[in-house]
Amino acid sequence: MSILHTVNKSPFEKQSLSSCVAHASHGDAVLMIEDAVYGAVSGTAAAAQLEENKNISIYALGPDLNARGLGEAKLAEGVNVVDYNGFVELAVEHDKTQSWL
Amino acid sequence: MNDMADTGEQTIKKFLYVNRKAPYGTIYALESLEVVLIGAAFEQDVSLAFLDDGVFQLMKGQDTADIGVKNFSPTYRALGDFEVTKLFVEKESLEERGLSEDDLMEITYEDEDDDWEEKPSIHLVNRSELAAVMAEQDVILSF
Amino acid sequence: MKFGIVVNEGPYTHQAADTAYQFTKSVLEKGHDVYRVFFYHDGVNVGTRMTVPPQDERHIQRNWSELAEKYDLDMVVCIAAAQRRGIMDENEAKRQGLDGDNIAPGFRISGLGQLIEAGIQSDRLVTFGD
Amino acid sequence: MKFGIVVNEGPYTHQAADTAYQFTKSVLEKGHDVYRVFFYHDGVNVGTRMTVPPQDERHIQRNWSELAEKYDLDMVVCIAAAQRRGIMDENEAKRQGLDGDNIAPGFRISGLGQLIEAGIQSDRLVTFGD
Amino acid sequence: MSILHTVNKSPFEKQSLSSCVAHASHGDAVLMIEDAVYGAVSGTAAAAQLEENKNISIYALGPDLNARGLGEAKLAEGVNVVDYNGFVELAVEHDKTQSWL
Amino acid sequence: MNDMADTGEQTIKKFLYVNRKAPYGTIYALESLEVVLIGAAFEQDVSLAFLDDGVFQLMKGQDTADIGVKNFSPTYRALGDFEVTKLFVEKESLEERGLSEDDLMEITYEDEDDDWEEKPSIHLVNRSELAAVMAEQDVILSF
């Protein structure tokens, strides 16, 4: 019974990514989309919180990273990049999705 | 879909409504409540979660006269009549906001399986308990 | 697998309607089914045919209408949310005594029960919002 | 003192249109002038006459229209923002080949220059948004 | 040349109140409206940040406090309550307003 | 109104556009830029501030092809042609986001008062310097 969590707000603006990670369970996945992909940049307080939590998988949506000028070189370790098809696959692989709006 | 019970033609799923936003500043709390009320007619297994700023929805003493907006907080107290009786409120969210359970409305329901005894609908849970509630759902709706 | 999609924000102001569109397109192109797309909150504003975006920008309503036509999508605009925001089909406009409607092709107006039904009937319900 | 008011969010979804209304009403009742109320971003959605809120809720568009009539307010809806969101007056609808308009009484559609002008001409410019 | 700053988001959800206070200058006023009035509750991290900054005056909009069930007893020290007329007066008294949206 | 210069019929005010939001996730950055462009015709004394998530608007290498949204970042580089030449970017906001000036687009203008020499439009400022910029304005627009 795992959850795909989606977050769409910048962690520097809103606390939804932080709350999401704090509520994710072992085996869950967190996918950052839209402005949440800023949370994938290495060396920030937001990235540190993601790295702390080793029980969940972390994804970021590639099209949103590209739109915002965030190349692979800027990403924190452990962040997996997927496209829209990968987003669909993640939704299929997990039993349900939860949007942290 | 593992936890789904098939009773004849009727599918019963575990629905969780996640409330993370304050009332009045935006409409999400109100329109989420409207979904809960309509959803009650579908006889699913319904729970509500209140965390982050969502705990503010349950504050007692709301008086919206001076902002000219309808006060919809009494509706939470009527949820029991719609057989919506599981309201999980996160302790950590209350504490971070300088609140305790005493600041919340009293919300109860009459338990038809227990001689219509009046019971509290609000269950204070900590963060990891709430995570467990989320994990066991079939459908999670958040607005 | 059967998907339900919920769109909670209007066009252009938030990316939600765009992301939902790209996601829904991928779902369909991968051969999955979409049980229903439900437009709620400001999402109902996606369903007006009166938007005229700049020529070099995407036309969000038209994107959705075309996707609906191609895949025979059921796109439902919540009636309560639509009334608050001025989205009307012909019937509703008449009922409210308004002089015209603005709903776009492929969208229909119905009740919140359609959202619950999507939750019950779909294997996955995915929400896009603010 | 002369005030300019900017409203950046639509009705019901955010409190901004309500707060702006209460503020503007107080400005006027205290005897100050309002040079202009400018509706931008989703704020343009305040200016549709097609909203039908529940009977026990405030009617945001009507509140504004009545305030405009009482105090002869200049209420301007930004044309670029309105086009993206499907708010049209008769002229614009014709120009765009649309079959109807939806602008409410007391609102007029004009360009962004009207916002800058409000900034120049008003002693105070106060913005309400998300 | 003082500024009336307005903030309308809960400090527990968004960082706009925090950013506003960090950019306010001596003699400025900060007015919490709409969901920002939750920032006026005593005993929270948000209130502590407000109390730290002694050079600015702090206001909260009464109608929004009442709507949210926040009585005077819950408010942090130093928070002044105004109504819409008081909001207008603050806008008149300061040279300009800045909305932290 | 103390700093306002009256030059005949023309009032010149100091306008500051405050950008605190990231591009694409919401439309505020784009529609704010549209105001700046239209506003340029009014010959006011214009400055732009980029702080908090607003600094993301200036990131180089933005490529929106895959999200199907128009890339409006080139417009910032054209601001000089509209005589919008003062872009204040807050250092602390960059640092908190793991960024430096090298991550930003190069934005320049040709100084008509200095033999059309090409000069940088972006000025890195720290938080207190930015607060001082805010303090000296006549009109502050933020979206």
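Per-chain residue numbering starts at 1, and chain names A, B, C, D, E and F are given in the order in which the chains are listed.
To be clear about the criterion, a contact is a pair of C-beta atoms (placed from the backbone, for glycine too) under 8 Å apart; a residue touches a chain by one contact, two chains touch by 3 or more.
Here the structure is a predicted model, which is why all the values come from computation and not from measurement.
Asks: Indicate the lowest number of steps between subunit D and subunit F, counting one step per move to a touching chain.
Replies: Shortest path length, in steps: 1.
Asks: Listed by label, which chains are in contact with subunit A and with subunit E?
Replies: Correct list: B, F.
Asks: More C-beta pairs touching across which pair, A-C or B-E?
Replies: Of the two interfaces, A-C and B-E, more C-beta pairs touch across B-E.
Asks: What chain lies farthest away from subunit F once each centre is taken as the mean of the Cα atoms?
Replies: Chain B.
Asks: Could you tell me the distance, in whole angstrom, between the mean C-alpha positions of subunit C and subunit D?
Replies: Chain centres of subunit C and subunit D, defined by C-alpha means, are spaced 26 Å apart.
Asks: Would you mind pulling out the distance in Å between where the CA atoms of subunit B average out and where those of subunit D do?
Replies: Here subunit B and subunit D have centroids separated by 35 Å.
Asks: What is the distance, in whole Å, between the centres of subunit E and subunit F, each centre taken as the mean of its C-alpha atoms?
Replies: Computed from C-alpha means, the inter-chain centre distance equals 27 Å.
Asks: Do you know which subunit E residues sit against two or more other chains?
Replies: 8, 12-13, 15, 34-35, 63, 96-97, 99, 101 - these are the residues of subunit E that touch more than one other chain.
Asks: For subunit B, jot down the residues that touch at least 2 other chains.
Replies: Subunit B, residues with two or more chain partners: 1, 24-28, 52, 67, 69, 139-140, 142-143.
Asks: Subunit C: which residues touch two or more other chains?
Replies: In subunit C, 8, 12-13, 15, 19, 22, 41, 57, 80, 84, 125, 127, 129 touch at least two other chains.
Asks: Between which chains does touch occur?
Replies: By the stated definition, chains touch in these pairs: A-B, A-C, A-E, A-F, B-C, B-D, B-E, C-D, C-F, D-E, D-F, E-F.
Asks: Subunit A touches which residues of subunit B in the complex?
Replies: 1-3, 18, 20, 28, 51-52, 127, 130-132, 134-140, 142-143
Asks: Of all residues in subunit B, which touch subunit E in the complex?
Replies: The touching residues are 21-26, 52-53, 56, 59-67, 69, 71, 73, 96-99, 103.
Asks: Given the complex with subunit F, which residues does subunit A contribute to the contact?
Replies: 8-10, 12-13, 34-35, 38, 41-45, 47, 62-64, 66-71, 74, 83
Asks: Under the stated contact criterion, what part of subunit D meets subunit B in this complex?
Replies: Residue list for subunit D touching subunit B: 12-15, 18-19, 21-22, 56-58, 63.
Asks: Under the stated contact criterion, what part of subunit D meets subunit F in this complex?
Replies: 6, 8, 40-41, 80-81, 84, 111-113, 115-117, 119-120, 123, 125, 127, 129
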